[in-house]
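Contents: one structure, followed by commentary.
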Amino acid sequence: MHPQKINGDFKGKNILSLDQFTPKDLSILFKITPKMKRIAKAAKPSKILEGTITTLLFYEPSSRTFGSFSAAVKQLGGQTVEIQNPQAFSSMAKGETFEDTIRVFEAYSDAIVIRHPTQGSAQKASEVTRFTPIISAGDGVGEHPTQALLDLFTIYEKWGRLDGLVGVLAGDLLNGRTIHSLIRGLLLFPKNTLYLLSPRQLRLSRVDFLSFSKRKIKLIEIESEKDMPKNAHFWYWTRVQKERFASLGEYEKVKNRFVVTKELLRKHGNKNMILMHPLPRVGEISTEVDSDERSVYLRSQIRNGMYIRMALLSLVLGKI
Amino acid sequence: MHPQKINGDFKGKNILSLDQFTPKDLSILFKITPKMKRIAKAAKPSKILEGTITTLLFYEPSSRTFGSFSAAVKQLGGQTVEIQNPQAFSSMAKGETFEDTIRVFEAYSDAIVIRHPTQGSAQKASEVTRFTPIISAGDGVGEHPTQALLDLFTIYEKWGRLDGLVGVLAGDLLNGRTIHSLIRGLLLFPKNTLYLLSPRQLRLSRVDFLSFSKRKIKLIEIESEKDMPKNAHFWYWTRVQKERFASLGEYEKVKNRFVVTKELLRKHGNKNMILMHPLPRVGEISTEVDSDERSVYLRSQIRNGMYIRMALLSLVLGKI
Amino acid sequence: MHPQKINGDFKGKNILSLDQFTPKDLSILFKITPKMKRIAKAAKPSKILEGTITTLLFYEPSSRTFGSFSAAVKQLGGQTVEIQNPQAFSSMAKGETFEDTIRVFEAYSDAIVIRHPTQGSAQKASEVTRFTPIISAGDGVGEHPTQALLDLFTIYEKWGRLDGLVGVLAGDLLNGRTIHSLIRGLLLFPKNTLYLLSPRQLRLSRVDFLSFSKRKIKLIEIESEKDMPKNAHFWYWTRVQKERFASLGEYEKVKNRFVVTKELLRKHGNKNMILMHPLPRVGEISTEVDSDERSVYLRSQIRNGMYIRMALLSLVLGKI
């Protein structure tokens, strides 16, 4: 079952997948997000979500996403019910179904943000609720739509558009959930070119590659930094995830295959590009480039996560 | 030591047992509860508990009760201090007594909601505090007064009274804490008749049966669905708790002895009755009856838990 | 690197050590703290921290300190983002550095309160943030500045001054973090005399003793209660920490060497003194003296912890 398209009307919609968004939906969201930035920075408290309760139902720990959603609700004067300790799901231990748990929390909540280790859980939750929108905060190898939205917004904020861009995607392109979402988002806009830099074992799967490149995007696979374009608008670096490898030796061989250093930026970067990373990073971006103005991963990219969630919650709860 | 009677004045009282309530107390509480429902559904935020702090001290996980109390406080503009991870009780690990812990949290709180695995803990906490009311959220096999209150309110909301009712109580009547509380609540009112449906091993204990039936309630033990009355006002179904059985074989034999199905409702139910369950359910109510209008366990019964807690907190904190 | 002196201006400062405070800084803080007491007791909600978010980043459990900070923020109308379950630091498990985690939470927060098992962590956090003040809630055997401040305030509140006082410090003077901080605080003021009562194995280290007594404080080591002064302004009792001993036998020998009883208070105390303890206590103060008016450890000392944290947060966030 495909989640419902947004089609310009966010109110009451579940947010499960980037596929629900048209370019127009993104444009609505991206027009509101800078307002959220101003609200978060203002001394005066916001009352946009006053009187609403958003339940954060985290079946697995994720301190960053949890903190970002918790702060987003509170920045807007809303309240949260926070269930973030998996052991707290005592009723689950007693054999309660996932569906019943969701229905119970629906009774307390104006919206439910759900994080779950199993792909499809957010969708499943949305099929159970009757009045309460579900917002996915990532489910296993499935989608993590708010991460994708903040990535797209970060590029949009810098360049004022999402078409006609050149990007470099690096790292684990085979398993990287954020990479797949980002490509899917950019597919919505014409004339984008993406350079895919990865070790051979971690290349985008052939199925994905073909399905993506059939559409109006240009994908170029490269295996060495020296093939990177000089005119990139953004680099999007990712972590090689240890947990994806059967053998540790195999992991060790590729984990630091591509590392962003001052040297790499000097040789292959350009003055205006931005350097992004979905975090956590382990060693694939050297800390020596943290203070570089082009590095946005520990600055605007993080903060944009909170702003985009503020905007999304306001829209879905029909408060803006 | 018996907890203090409420006698029409909730302010500052500990809420530890249904025995504290007279019919008049229930009537006060049940008059306020629908107002809480309107507040929860209103777009305008409530300020009834503004400026108050309620500490949720959960020594064992209970996601449903925790969420319900957390939401109740926040629906009314109050704030919570939430200690729900038993490992967080570091001072306990260092040998601090329960009494000292309670006194510490008393200093931060206008009210303390306590959940504890050991019977009598809520009472013990209430003997230690000097100004801060304790509200029990269940302690072991002891009482869970807010569950009992929400069950009674759910029946009252449907029928407008708590006397002259016919009910069916099914499942584990021997160990079911909610069953005992419900019977105790209905004992306060005249002319009620309860049919007790359970496997022989899980019948109400003789001691309880005799003590209950000596008072103005009629208890009728039955062992088969075909002996159920046609004119019941409510069915109250419960889970057979695996943890009560020494042998798994014994459990397997009785766990699904009585299951509510469409068929059962058609054959033995009536048009106006309601079907209740304290949750979690495991298999004793088939999901096929979830959408039946008479099924209130995943709808008003859950929501009433939040409303009754809102009403109780408002009264105990003297804000209404 | 030494943390920045406060020098009369709290706004935006990290709070890492008592060494940042001059007597004038303490006087500013102690003038505001009683106002916080009035706010906490008032029925009218405060809006001092309205619109601000304080993240409580607890890398180890500490229910008392966590609850105190959480309540302090909420008493002032502020909001918290609460990360108190170490398992929730999923990104850490994936190999994220402490520095990156701090930067992430900086993006969501107006202030960060950090508790950490490793000495120096709060300082390390403060070197990473750019705009967000760090407030230490204790890091390992390092400092726990808000505990020291509440202890000093409790003495100040009773006596109206922090000079010319006679005190008894008892228990584990070798390892007791709160003892060291209290002595350091009293060193800022002239003419104080401290009697140090401890088993020989747990005496203040020679290095500390000499460094302290070189300054304008008089330290007198005693080994028996009968050498205690009759004119003490306060007794500060502490727990002998089991975890400090290699052998359990060694611990058992000294753990209850000095216990405050009614008898001890009658024989060696005086009418006006106060009896303090940083909690948790295990057996070193008999519960029979809890109701004695001089016992402040479960009363004003606890509450002062919340008030001093309210004052500190208001000052650091520039809201007062």
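By letter and in written order, the chains are A, B and C; residue numbering begins at 1 in each of them.
The definition used in the following text is that a contact is a pair of C-beta atoms (placed from the backbone, for glycine too) under 8 Å apart; a residue touches a chain by one contact, two chains touch by 3 or more.
Quick caveat, the model's predicted, so the values are computed rather than measured.
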item: Cα-superposition angle relating the copies chain B and chain A, to nearest 5°; value: 120
item: Chain copies touching (chain B, chain C) - same or different residues, decided at half shared; value: different
item: Chain centre separation (chain B, chain C; CA means) in Å; value: 41
item: Multi-partner residues of chain A (each touching 2 or more other chains); value: 82, 85
item: Chain C-facing residues of chain B, complex; value: 50-51, 53, 55, 79-83, 85, 87-92, 94-96, 99-101, 103-105, 107-109
item: Footprint of chain A on chain B - complex, ascending; value: 42-46, 60-64, 66-68, 70-71, 74-75, 82, 84-85, 239, 241-242, 279-282, 287, 298-299, 302-303, 305-306
